[in-house]
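Take a look at the structures listed below.
You will see chain A twice below: alongside chain B first, and alongside chain C after that.
And then the complex of A and B:
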């Protein structure tokens, strides 16, 4: 079952620079993803406990994120450490943002809403970021579409069969011969899904032309998912393997 | 600095809702709270904690929960023991 207790990809790692923040949703729940200047990624509830402002609108300073509204500053644990209007106040521990376990694996930022999470998905080795696609469909529709894709390899000669391997409930691997893409599936809401795509393999081999090759494939994939009745460019069938 | 402050919130209140609201706000602000006399017209209580947070508590309770209308607030300050 795909549930909030599983690990879910929220973004490609490269899309979140150090010292920046971004808002997203998971099962409709609003989350802020932010990366401190030391490079560590964090996923929290996207709401300042003071007045409810989205922390994704805030700004990162060192290992703190500050709310845009009144400047309350929160440390890596989600605890408020400083209130500009009361600089001498010893801020109580009750001023805390709910934080969620966060890991970076396979070129993606992962989180779970569970308080007792299982191990995060295993890292799949070297990856090169492709892009995130945001689709107007349910996650099950997107996953079903992955079962019917055909991937043309970039560097290899000839055409191999495409296989779609379900690594976890939220991570799929589309392969053709020795080449492949990792696709993280994020249930943004009931009817909106994000696919986070990364090329499996080395930067030297795929950077530039290889990225453009697979990006073209990814954009056609989005078109096919959002326009299921347009069969003119329907992909070849592929086998789905469950690991 | 820590302080005690005694309040009487009066108006068109629903005592159970107001007391729950006051307890929740006190917990959020890390204040100790003692509830005194309670009615739908007036609620007396005392809080103890950081003076800035006692002020924040007064502000929150003077607005009150949606179902209550606070018309008057009296406050008596005293340093915490």
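And then the complex of A and C:
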């Protein structure tokens, strides 16, 4: 089952710079992802316990994130350490934001909503960021489309078949010969899905023109999902259902 | 030289673009506060005489009166920036800046309508305005994603230009009309760089981090 207790990718590591934060959702639950200035990524509930403001609107200073509304500052453990309106207050431990296990693997930031999580997903070796796609469809629709757009290798000669390999419930691999993309699947809500795409392989080989090459595949996949009836986007030789 | 005069409304993102340019180009300028909401002063005779379209911003440079946000940005960059960096003269770079100024004027106009609907209850269908705004902002995110692969950090040149100034407010203010920054990672990174430019100023709706 694709349950909240699994590990889920929320973003490409590359898209969250040190000292910045972003909001996202997993099964509709609002989360903030933030990276402290030391480079460590954190996933929390996106809600300041004080007045309910989204912490993703806030700002990162060192290893703290501060709420935009009244400046309450939280440490890496989610505990409020400082309240600007009461600078001398020893803040009670009950002022705490729920914190979720966070790992970076295969160029993506992963979390689980479980309190007793399984092992984090295995790292798949060197990757290079491609991009994230945000789609108005259920995750199963997005997964089903992965094999519908043929992948052309960048560095290798010739054309191989495009294969889709399910690594885990939330990680897929689309390959053509020796080259391939890792695709993390995030169920934003029941009918909104994020695909986080990373190129498998070395920076030397794929940086720049390799990324541009695979970006074309990503944009064709997005077009295909958003225009399911446009048969012109079907790959050559594929069977096209006529409705 | 007489200072430049900007007929300004603090909550208007088009006026904000000009304020950003004046500040980033380190120019000497004065503001005339216009009571747009609720006074509709911009629709009175003296303002219609300067801009018959009844819109701000309006810039006065000596006795030269100019309206149209992109035209004002281009004028400041061409006539008041000795470095020439904000509107590069080189053919393709100049054309790329023009492409994004045109995008700002045409495709991002819907984001202005969406924000005015949300803040001032001007006419419009919220869902339609929001969907069109998301489409426009996604085009910007797609562009900056591809630029990133070429290790380029700005929309049209190897450095910031008036194109970046023209495009920044629609993204920075998008939460005013219900569009979060969550799904635009390339624009988040670009906006962080933009905020770090010398002369950057915020406006209501764009937080200063303290």
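Here is the rule we go by: the second predicted complex is superposed on the first by the 233 of 243 C-alpha atoms of A that agree within 3 Å, B and C clash if a C-alpha of one lies under 4 Å from a C-alpha of the other, contacts with A are read in each partner's own complex, and residues count from 1 in each chain.
We adopt the following convention: a contact is a pair of C-beta atoms (placed from the backbone, for glycine too) under 8 Å apart; a residue touches a chain by one contact, two chains touch by 3 or more.
No experiment lies behind these values; they were computed from the predicted model shown.
With both structures placed on the common chain, the touch criterion links A:117 to neither chain B nor chain C.
Once chain A of one complex is fitted onto chain A of the other, the partner contacts of A:177 are absent, as it touches neither chain B nor chain C. Once the two complexes are overlaid on the shared chain, A:11 sits against chain C while remaining clear of chain B. After overlaying the two complexes on the shared chain, residue contacts for A:23 are found with chain C alone; chain B is out of touch. Touch counts on chain A: comparing chain C and chain B, the chain ahead is C.
Of all residues in chain A, only 11-12, 15-17, 20, 22-25, 56-57, 59, 68, 71, 131-132, 134, 194, 207-208, 211-212, 215, 219 touch chain C in the complex they form.
Within the complex formed with chain A, the residues of chain C that make contact are 142, 145-146, 149-151, 175, 180-183, 185-186, 188-189, 192, 207, 209-210.
The touching residues of chain A, when paired with chain B in their complex, are 49, 86, 89-90, 92-95.
Contact residues of chain B toward chain A in the complex are 27-30, 50, 52-53.
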